[in-house]
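Each structure below appears as structure tokens.
Each of the next two complexes has subunit A plus one other chain: subunit B in the first, subunit C in the second.
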Partner chain A sequence: MAQDKPKLKLAVYWGAACGGCCVSVLDVHEKLLDILAHADLVFWPIALDIKYKDVEEMPDGSIDITLFNGAVRNSENEHMAHVLRQKSKILIAYGSCAYLGGIPGLANFSTREELLRRVYEESESLDNPQKIHPQPSTEVSEGHLHIPSFYNDVLTLGQVVDVDYYIPGCPPQSERLVEVFMDIVSGKDLPPKGSVIGASIRVQCDECKRKKSDKKGITRFYRPWEVTDDGETCLNEQGILCMGPATRAGCGVRCVEGNAPCRGCYGPLDGIGDAGARILSAIASMLDGKEPEEISRATDSIVDPAGTFYRFSLPGSKLRRKVS
Partner chain B sequence: MPVNEEARVGFYICHCGHNIANMVDVTAVAEYAAKLPNVVLSRDYKYMCSDPGQEMIAKDVEVFKLNRIVVASCSPLLHENTFRTATSKAGINQFYFQMVNIRENASWVHEDKEMATLKAKDLVRAAISRVVFHKALEKKKVPVNPDVLIVGGGISGISAALTIANAGKKVYLVEKEPTIGGYMAKFDKTFPTLDCAACILTPKMSAVLKHPGITLLSYSEVSAVDGYVGNYHVKVTRKPRYIIEEKCVGCFACIDACIFKEAKFSDEFNEGLSKRKPVYIPFPQATPQVVLIDDKTCIHFKTGKCPQTCAKACDRNAFDFDQKPVVQELEVGTILLCTGFQPFDAARAPYYGYGRYSNVYTSLEVERLVNASGPTGGHVVLRDKSKPKSIGIIHCVGSRDEKTNKWCSRVCCMYSLKLAHLLKEHTDAEIYNFYIDMRTPGKGYEEFYDKLLNEGVHFIRGRVAEVSDWAINDHEKGKLVIRVEDTLIGMVRRIPVDMVVLAVGIEPGKDAQDIRRMFNISCSNEGFFLERHPKLAPVETFTDGIYIAGACQGPRDIPDSVAQAGAAAAQALALIDSGFVELEPNTAFITEELCCGCQVCINMCPYHAITFDDGKGKSHINEALCKGCGTCVAACGSGAITQNLFEDQQILSEIYGLLVE
Partner chain C sequence: MPLTEQTKQDWSPRIVAFFCNWCTYTASDLAGVSRLRYAPSTRVIRVMCSGRIDPEFVIEAFTQGADGVLIGGCHPGDCHYSEGNYKCLRRYHLLQRVIAQMGIDQRRLRLEWISASEGKRLQEVVNEMTETLRQLGPSTIREVVQTVIK
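Moving on, here comes the complex of A and B:
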């Protein structure tokens, strides 16, 4: 492939993440070759052995695009967020965790102390009679040992550094990444800074092919295994809690196409401050019943409502965290 | 604090004489506001609502090029319109104005000046952060449908219907009972003039029936209400009488021919003191003069095996046993609710023995007993047919009582005096009135009390503790003993009587809450419908175009009900004759680009303003039907619905302003 432009420099980094976002980059399959035709990967801990100090020594702004996945939940994540911001021309919050806090963000329903106590004192598989907690700094015979300090709050990337774009998804659909990348390479006009890219401006229902009516009439909720989905009616109308009505489209309605309810990983639409509150009020509006008892019966059948409605968005929402 | 570069806010704080200035440091608030972002000018002034106050806004707009106005003063209910008009006169769109209520929300409710001032600052900051995101909006004019719906055909509804119809407007009068007349039709005489209730009421009832401008829908109930001021859409369910109303002439041949030779079923109109047949008319002057069949007691409906002697006796073929409830749809511009009250259920005061002792009666039962067309033809005889020689009338049953209803029912003192007079007249018995306080304010009322004092009726001041048949001496044997502390002589007395009359109070009707919800109006603590203002808007409600009159708003007697009905009629007529209403532009609209067609919003809309466009796959809000409740805005998962005056950015900025200094 002929090159008249110098190759772009591309970095991929993970904060508090599961690794799924990095895998989604690999999931572009042979398209990775197209990307590599236009870009050199200069930093990608999951795939390349490049140390932090190598990155720190790069000139400021020398990386063209950084895909930062994962939330910011400790001092290491935050340090690298600042470093990569400084070194990158375009910093993209890649995936639900970097965008809104994601699954790790659910930790904001607990305090740091509660989390450490659970993990280091109460966990069923634990053998820690001395109740030792990890310390940021420890004295050993070889000298000082440092590990990153663990924050009380899980933060989104945007809460820590200035972010140019957000690509939602847990993980983002790989095709969307290729599209975004090719747009950048081909010099298309980029959307305004701060935009969510690689996704629709409308919610899942817009692309969902299931039959929808104005009669939602939910009297109770079922977990997917409790009912037989008819395969064609709106899942919410069948009482299967689906986040589609308040979740941005862009994934191709993948979960619902696979007969599973949308979990909400693409987050809310533009201008919606609190994704959880938005889906909560949308779902509440579908309930049947006028008497408080009828409504309670329906809402009581929602398992873990806070975790369900804020599954991917707690740190990035107005609610942000549990007040300890 | 959120900033809009183009906004130039003029801020004014009103002293409201001492009302605000005594508890809020208005100068400090004005100085504070002057430093807030976007604020170009900040002033305090003695009376912002005065003409000089309003003119000051206009002058400042010109000099300082203001484009947003915030006034911190009293309640928007009182003066929002004043300042919107002032803003508009100054050449700015009136919706660039925001009002802060620091009187009801700060000065009047606090006793710590420093804290009240701090709170006023917070509220002001919230309004200023909000107003910069306001948008220019226009009020919309909508014509008023001149037809009127009146719900309830008691004396209030009847009076209002005649007044409005006489003004040349079309009236639909809906009454749930088979006849109009309400409670007044059951009364014998009216206080204090002792006019015969039927003599003054029945001409009005037949006037209603004959009036070309009034459509009487008796035995009907409103089942749904849609729309908004000037344009209400009402569904009325007409219950089946099993008689074709237009054919029946009220000859009552069917009643005589009923398979039941004897009347067997409790007669509601006579408070159960007599019996009626399954085919019946509530009372001889019932309006309309149309019989009806009670399908719960009629043999035909119970077994299907009745020879239908009633129908055979009808020479007009007026019977139709297959009648079903029919829904009639009405379009009206204004609605008057005259749905009345229910009498306190005496069984809720068990210490007075109602239901246990056959000689304990409610006042309404006694109204029927003294009535010439009542169950005994006007002879006051007890259930054992004996004539009472002594009668005790207990006031305030279910009124002025922590255990039941706290309020004074206003009519019981006077009707008790009336009943005392009538009972004395009919029986010449010894009559005792047991009262807490005699409340007789009203034209000729105190004089009536005076008259009774001279008629030999006994008055004992004290709340009766108990009515029992427990005799402690021969003198009490076979009698009902009223035990009471006579507070004027300071001792407990036992008064044996043959008959006890319980002066039951007035309370909200059992369906008042359903009615309230259907018509979207509020009620006060006790459940009576809430007026817009207790002094200055006593017949208006918080829902424009819906008025209240009579005892549904609170206990009141006939003269007050009629006066209130007149007032409500006048309010309705004023609205009708103004020809149009201005609608607050707080309507919601859908950004089609964002709408995903999920249709969650459609069923949420209480006003049926949202429809689904199948072609486009998008929902659409009919602005004329939208009342700005905001329910759909919350329901929309896409955030595709925006409500004017309540946009997310406006509300969030207001909250931000409130919380963050």
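Moving on, here comes the complex of A and C:
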């Protein structure tokens, strides 16, 4: 294939992530060939053996686009966030964890001490009578050993470095990535810095095909296994908690399409400072009841409301973490 | 700023109060006109209806340093927009559970229905809440939010 334009240099990196975002990049399937026709992958730990040192030696600004997935929860994540910011023209927070903290961000309901104690002292499958905790630096006969230090607070990428764009999703829908990439390649005007891209400006309910009525009148919620979904009525109206009313569309309502409620991974719409508070408000306004007892019966039927409403956004929320 | 013994003594609670225009705000006016003395702890924000109070306002107030948040609206059945106060009540119940999970003492958030004629009730509620907050001590929420611990 003849190339007039030099190929773009592309990097994909993971911080505190599960690997799903990297897999979503692979999930573009044969479209990856289209991407590779326009771009060279210069760094991608899941697929290529390129060392941190090699990246550190790249000239500043020499990577055109970096997709950084994962939150920042240790010194290695933070170091690589700074390195990749410096080396990249466009740094994209890719996926819910980089964008708002995501699932690893739920650790902000605990402190570092609580987490380490649970994992290294209390876990049922543990054999650690001396209660040894990992240390950032250890002496062994061969010399010093270092591992990254573990932070008390999980941070979003944007809380650590300057981010150009955010692509939401846990993981982002692969088609959206191809669209964004092709826009960049074809030289389309890019949206203003700081924008959420690869997603809609509407909420999930606007795209959801389920039957919905104006008055929800919910008297209590159920766990999904406690009721049988009729397959066609709005899940919230059936008492199955769905985050659709306050979640940005763009995924194709893929969970509801698969008969599971939306968990809110695409995050809030523009201008919403606190995703969890917005979901709380949306859910509360669907409740029935005027007497305090009726209302608390409905609200008490939601197991773990904070963890549910802030499932993907705790570090990026106003409170950031449990405060005491 | 860490609280020294000195600043702790000087400290007095700050309450962000969201009052509905038609009832509680008018009650606070009445309390003023009737020269009812109450603790100077509230910073009143007038909203048209308690149904306008977004949970995000409450969280924002805490992150900006409020020691407590007081919501005041019309009595059930009396809301100027018919059902705004029920909306508020539903959000309040859910928000109470969320703030507890976030490690915020539930006594820092209070909801009261106070009608335009209940200046006296307003005085009592503000005094009571001020006293409760004095016992709880200064809120550390703002400090925690602003101090990232690595």
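Convention: the second predicted complex is superposed on the first by the 323 of 324 C-alpha atoms of A that agree within 3 Å, B and C clash if a C-alpha of one lies under 4 Å from a C-alpha of the other, contacts with A are read in each partner's own complex, and residues count from 1 in each chain.
Here is the rule we use: a residue touches a chain if its C-beta (ideal position, glycine included) is under 8 Å from a C-beta of that chain, and two chains touch if they have at least 3 such contacts.
Remember, it's a predicted structure, so these values are computed and weren't measured experimentally.
**Student:** Looking at the overlay, what does A:L269 touch: subunit B (first), subunit C (second), both, or neither?
**Tutor:** Touch status of A:L269: first partner only.
**Student:** Now for A:S285: first (subunit B), second (subunit C), both, or neither, which partner does it touch?
**Tutor:** both
**Student:** Looking at A:K216 after the superposition, I want to know if it touches subunit B, subunit C, both of them or none. Which is it: first, second, both, neither?
**Tutor:** first
**Student:** Give one of first, second, both or neither to describe whether A:L8 is in contact with subunit B, with subunit C, with both, or with none.
**Tutor:** neither
**Student:** Name the contact category of A:S75: first (subunit B only), second (subunit C only), both, or neither.
**Tutor:** After superposition on chain A, A:S75 lies in contact with subunit C alone.
**Student:** Looking at subunit A, does subunit B or subunit C touch a larger number of its residues?
**Tutor:** Result: the larger residue contact count on subunit A belongs to C.
**Student:** Between subunit B (first) and subunit C (second), which, if any, makes contact with A:I103: first, second, both or neither?
**Tutor:** Neither partner.
**Student:** Using the superposition on A, tell me which residues of subunit A are in contact with subunit B and, in the other complex, with subunit C.
**Tutor:** Common to the two interfaces on subunit A: residues 272-273, 278, 281, 284-285.
**Student:** Where on subunit C is subunit A touching in the complex?
**Tutor:** 54-56, 58-60, 62-63, 76, 86-87, 89-91, 93-95, 97-98, 101-104, 140-141, 144-145, 148-150
**Student:** Which residues of subunit A touch subunit B in the complex?
**Tutor:** Its residues touching subunit B are 201-206, 212-216, 234, 244-247, 249, 268-273, 278-279, 281-282, 284-286.
**Student:** Using the touch definition up top, name the residues of subunit A that touch subunit C in the complex.
**Tutor:** Touch list, subunit A to subunit C: 75, 78, 109, 112, 149, 151-153, 155, 159, 272-274, 276-278, 280-281, 283-285, 287, 289-290, 292, 295-296, 298-300, 302, 304-307, 309, 317-324.
**Student:** Within the complex, which stretch of subunit B touches subunit A?
**Tutor:** Touch list, subunit B to subunit A: 593-604, 612, 631, 634-639, 648, 652.
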